[in-house]
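What follows is chain A paired twice: with chain B in the first complex and chain C in the second.
This part shows the complex of A and B:
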């Protein structure tokens, strides 16, 4: 079942199978749907065997970077005498992304189960679920689910009667984009300001409270019980494209699109079919102009690039962008790219943690120039300045927020330079007051 | 030192060998290569936020922050390659876009790292065409003023208060380019060591209220010195303008004060500029003190001492050299000597072992003890009828004047060897005006027995001479062959005569000092240091 729309026949609902089904939320309802069988089985296995299955399944991180999950888990050395921690990154703040939110709203026990298996697999007794501050309903659902799980002895000192301890804590963030960065998240969990830390040391060596820590995205952990239940081969078989990308992926689709919402498709699905068949294409009378396929931090695609894309980690890279978080932002031909990019830059300027010079100053400077161009006050030199600032902001800071701000600016200027130049030559936004459709093209062409 | 593995790498074409775990920045420093930086400070935990120290490492995809990256074997690091230099120019441009560029009215001008690096590697002009961010000046309490418009958010001040002072008063407030250094509500920078944030600030964002608008840094003369205000013996730099001390700042010494100086030490320097000094030698003639030539005054002092025992009331703020010569006069006449140390509250700096503003508010109480003076709260107690009282730069401030007068009345006569003439000693027979510590070279012994040199920072007024010089003449007049032309001559005599100082050499004290012999744990180190010298 999809949500808020019905599942499309070409979707492969695994994680989203119970979206929109309120009965799946309770522990009883979840158990009826096969819940906690995977945990029960996992607790009888050796942790290394679980890591092996996850490795074999080809599951990769769904938060954006796509790092192989089993490999990440294998960095946690068993028997090192230190407490280990699992963090679940539920600080879903990437603009255009709302898949984790739905997992937690409809199937909170799926995440609790995933956390418990993950924690056990990496030799941790404690898992923290760090939930974005604005997520009031998911927080409530998760808190309820964890309480139920404790009451039923699924979590606690003797998880499911296995004699093994698994604790899950739900922690509410205060609402900062940067706290979705893994080390900032750990600082925030520790009660510090949510500033990213310098790496190395990596979390697997010194993470939360200075102890070996693994941090995984909600969607990643929620997929784990399915892999335990159905086996690595089953998961690996869900692949229509590059064999390095396996399983299903949830995409959050928003913007100028007929049917926004979450869609779950197998890796390697054609992006063109996804956009037009599943999501219904652009609103009536409009055409797609650009797609940001993986949350706002990935390069913007022209619609031609998007239509040629195969939806997996490698496929998006081949078309000049990244799979990222799977937040698909659709932009149609009635929208001003300069305005859209200025809005994105403003977001990053607001969310920069202010540690690194290039990010603190660069995001704000970029925003000011972008807004000036949008207001018709730009010059041709501004475009060169923007590109140079972007170059200065790329690859030089502690985390990638700075790079993320530079990405839409650079790809925007490269791919939609005519719109920037129209703003400069006409000294106004050509889209302002212009009629949708043909009027816009004329405006830009002039 | 545990035997750590040594790493060999190349920095700017120079082969460098450093222990494993050393940062690139420190490795470069050991090779004499400065990697420009702002947030890094050797006395603070690494933050890695200013991104100024990015360097190019061959075969690495990205530039590396030198302060936060450990060296690896065989690395080849470029500090002045195009890529690294462009990155720094980029950082400088970003740091300056919202900076008011108000160097002409900024106290930091001339000693500002933002200014220095911008001159060296910054862009010639700014591309920034937008309005600059503005935040009003804030009083941080204590001696500190915050000018947020000049701030580059290196967070040295925050880290100092958190990790060294253990008094987390400062924070980074807000995010993005709205960020400023904030102060927690109802808390001020009143920690006794908080003033260090002013020195730590690489730009003109944190200013000393005391020094505000007092001088341009290039108008200052500087002398390596020792803070004279307590027995810790923090290494310091005395800065003068037109022969007036206007600022004391810490001078790094890992053995004593690392990079720090307490607020009392910083702010208590005005006594070095006192205007109520005695500027000429005086002798008593017709019931009044009359100015005379030095020779006449020295002879008069010798006459007064003849056949009598001296009682030396010594200041614990005098140099080892002066105290040594006073001890010679004391011993020569079979007399005694005492000193009193003014007390104050002890204030440690928790992040640095064995560093505190000490209760003993004088620089050389330890030296006075080693030279046989007895410490007493009522130092005149030992003064006997018929003694000659030598008042060596001691005003006995805070002691009831009536009781002082009663005690002083026991003296046959009074010889004042001092910077000032206290009212209770106005009946002195001879007054020998001497230099204060800022006006002479000398050494102090700190509470751990470390002998440290200080250099002359300003000229003495009138006919004033260093006390060691005047006392040398007096000893000669008393019949001793005591020819001292330099403080090092006195120190050599001291080292030869006093076992505690045996083996020490004035020149080899250098500018960081050496522990005295026989002083507990310090002995071995002292022996090694002296022994190692060529």
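This part shows the complex of A and C:
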């Protein structure tokens, strides 16, 4: 549902069905809405059978990479004699993304249930939900839900009377975007600085506390109870595009848009209808200029590319970008692309953990040059320098934060070169003082 | 405090750089142990969540900040002793994360998101309005009456509710420059 707006008839609310309904937050309310039936059923099944259903459903990771969830779970070898761990990544910090926040605020028990099923399926007795420190309300809701679940015997040494142990703990982060990277999250949970680790070893071999670990996004785990309740076929049938992308996806829509909020649609939905019908298009009197469809780390689309996009993992790639986390950032014609790309570069410079040289130096220099251009002090050589730095920042570091900083710069220069050049030739930002809604044509001519 | 010149590629100071160099900011309570009584019991319970003591470091630091308002060096040393770590290690972790205050802040710690999704919705106007109306005047500097410390923060994860502003633990959504006086004046 388009929370905080009313659900649109073309949405398919599964995860977002109870957004905005405070009664769904309590254990009693959640049970009335069918909660914990899936866990009850799962605990009677063989873990491998649960993994099989999730594999069959086609569910893929909703945090950004889109890795098949069932396949990830199958990497956890049963009976290896080691403790296994499940980590739930609730460090939602990707600019443009705020879907996990709403899942935890409105339906915390959905996530507790998803974590419990996931933990059982991978042979783990313990699941940690790592929530970013700024999310004070989601932290409180999740803490309350976990407490209720323990009090009712849903969690603990004898989960739902099954004789199986499932513990879920909420862990509060302390302000670091990089801790959303899976290995950085594990370091942070262990009480270390949040530096990403070199892979291999992959988490399924040596993850949290050096033990086999699976890490899943909030939205991914929240989808699991629905799949157990309704079956893999039901989930797989929710597909209007490529059959490799199934189910529903929550999109967080923000920036210059008439109705910002969370929208849930079936995979393969047309992006043009999504932007204009569901979200109401750009603010009055404005036109869309650019869309960043999957959180700030994916390539920027021109509005023409966005309007041609089919919303699934493959559809976004076909139009030069990625589905990512589903954080749709809309930018209208009154905005300066150079300024916004400079701001994104500053974000990455601030969030770099600084262990890799390419990232530590690259993000800082990119920010410096971008801000110089924005201030009207750039030169033509700067554009080549930026692209050269971006090349050195791509595919050369332990994690992809460095690549993520390069992405908006490269796609921005490719697609909005006229704006960069206008800053350089006019030696000022053409948008500063330009009439809102005039767009770059007016601004550049001014 | 004025900003020293920097050539790091970023014009904003880290909290460490802003930290006062003398101990004039230390209060008597900052030399008292934190982990006694209920706080110690809370930490002991937390330790049961993890297979290592070190994993309780972030939660322990959160307890310190809740009890004292910031994380002082004596507190870091105490946490280190309780968890079997070295003070230098603890400081290394504290300085990695942006939410632990390494010096005292105002009664109201105000964080304004200015990352791109909020930026295109006028977040910079909100920052200017807050700096002006709070009397803080400058980012990271506490207002003369000790009430406000204002910082820009990177993405608060509430982009559809631009501009989100956090005041201590409270998350205020959809703040515009016009709403700022009303919001700040309503604080006790």
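As a working rule, the second predicted complex is superposed on the first by the 440 of 446 C-alpha atoms of A that agree within 3 Å, B and C clash if a C-alpha of one lies under 4 Å from a C-alpha of the other, contacts with A are read in each partner's own complex, and residues count from 1 in each chain.
Here is the rule we use: a contact is a pair of C-beta atoms (placed from the backbone, for glycine too) under 8 Å apart; a residue touches a chain by one contact, two chains touch by 3 or more.
Predicted model only: the values in this text are computed from it and were never measured.
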Return first, second, both or neither, reflecting whether A:229 touches chain B, chain C, both chains, or no partner chain. neither
Taking the superposition as given, does A:93 touch the first partner, chain B, the second, chain C, both, or neither? second
Specify the partner with more touching residues on chain A, choosing between chain B and chain C. C
Examine A:372 and indicate which partner it touches, taking first as chain B and second as chain C; both and neither are also allowed. first
A:193 contacts which: chain B (first), chain C (second), both, neither? both
Go through the superposed model and pick first if A:392 touches only chain B, second if only chain C, both, or neither. first
Once chain A of both complexes is superposed, is A:356 in touch with chain B (first), chain C (second), both, or neither? first
Now for A:41: first (chain B), second (chain C), both, or neither, which partner does it touch? neither
Which partner does A:261 reach: the first (chain B), the second (chain C), both, or neither? second
Quick one: is A:143 in contact with chain B, with chain C, with both, or with neither? Answer first, second, both or neither. neither
What residues on chain A does chain C touch that chain B touches too? 176, 193, 349-351, 353, 363-365, 368
Residue numbers on chain A that touch chain B, as the complex places them: 176, 178, 193, 198, 349-358, 360-365, 368-369, 372, 381, 385, 391-392, 395-398
What does chain B use to touch chain A in their complex? 46-52, 54, 61-63, 65, 68, 87, 90-91, 93-95, 97-98, 127-130, 152-153, 171-172, 174-179
In the complex, the residues of chain A that touch chain C are 4, 83, 92-98, 100-101, 132-137, 167, 169, 171-177, 188-194, 209, 252-256, 260-262, 296, 327, 329, 331-332, 335, 339-340, 343-344, 346-347, 349-351, 353, 363-365, 367-368
Which residues of chain C touch chain A in their complex? 8-10, 12, 49, 51-52, 54-59, 61-62, 83, 85, 92-93, 96-100, 111, 114-117, 119-121, 153-162, 166, 169-171
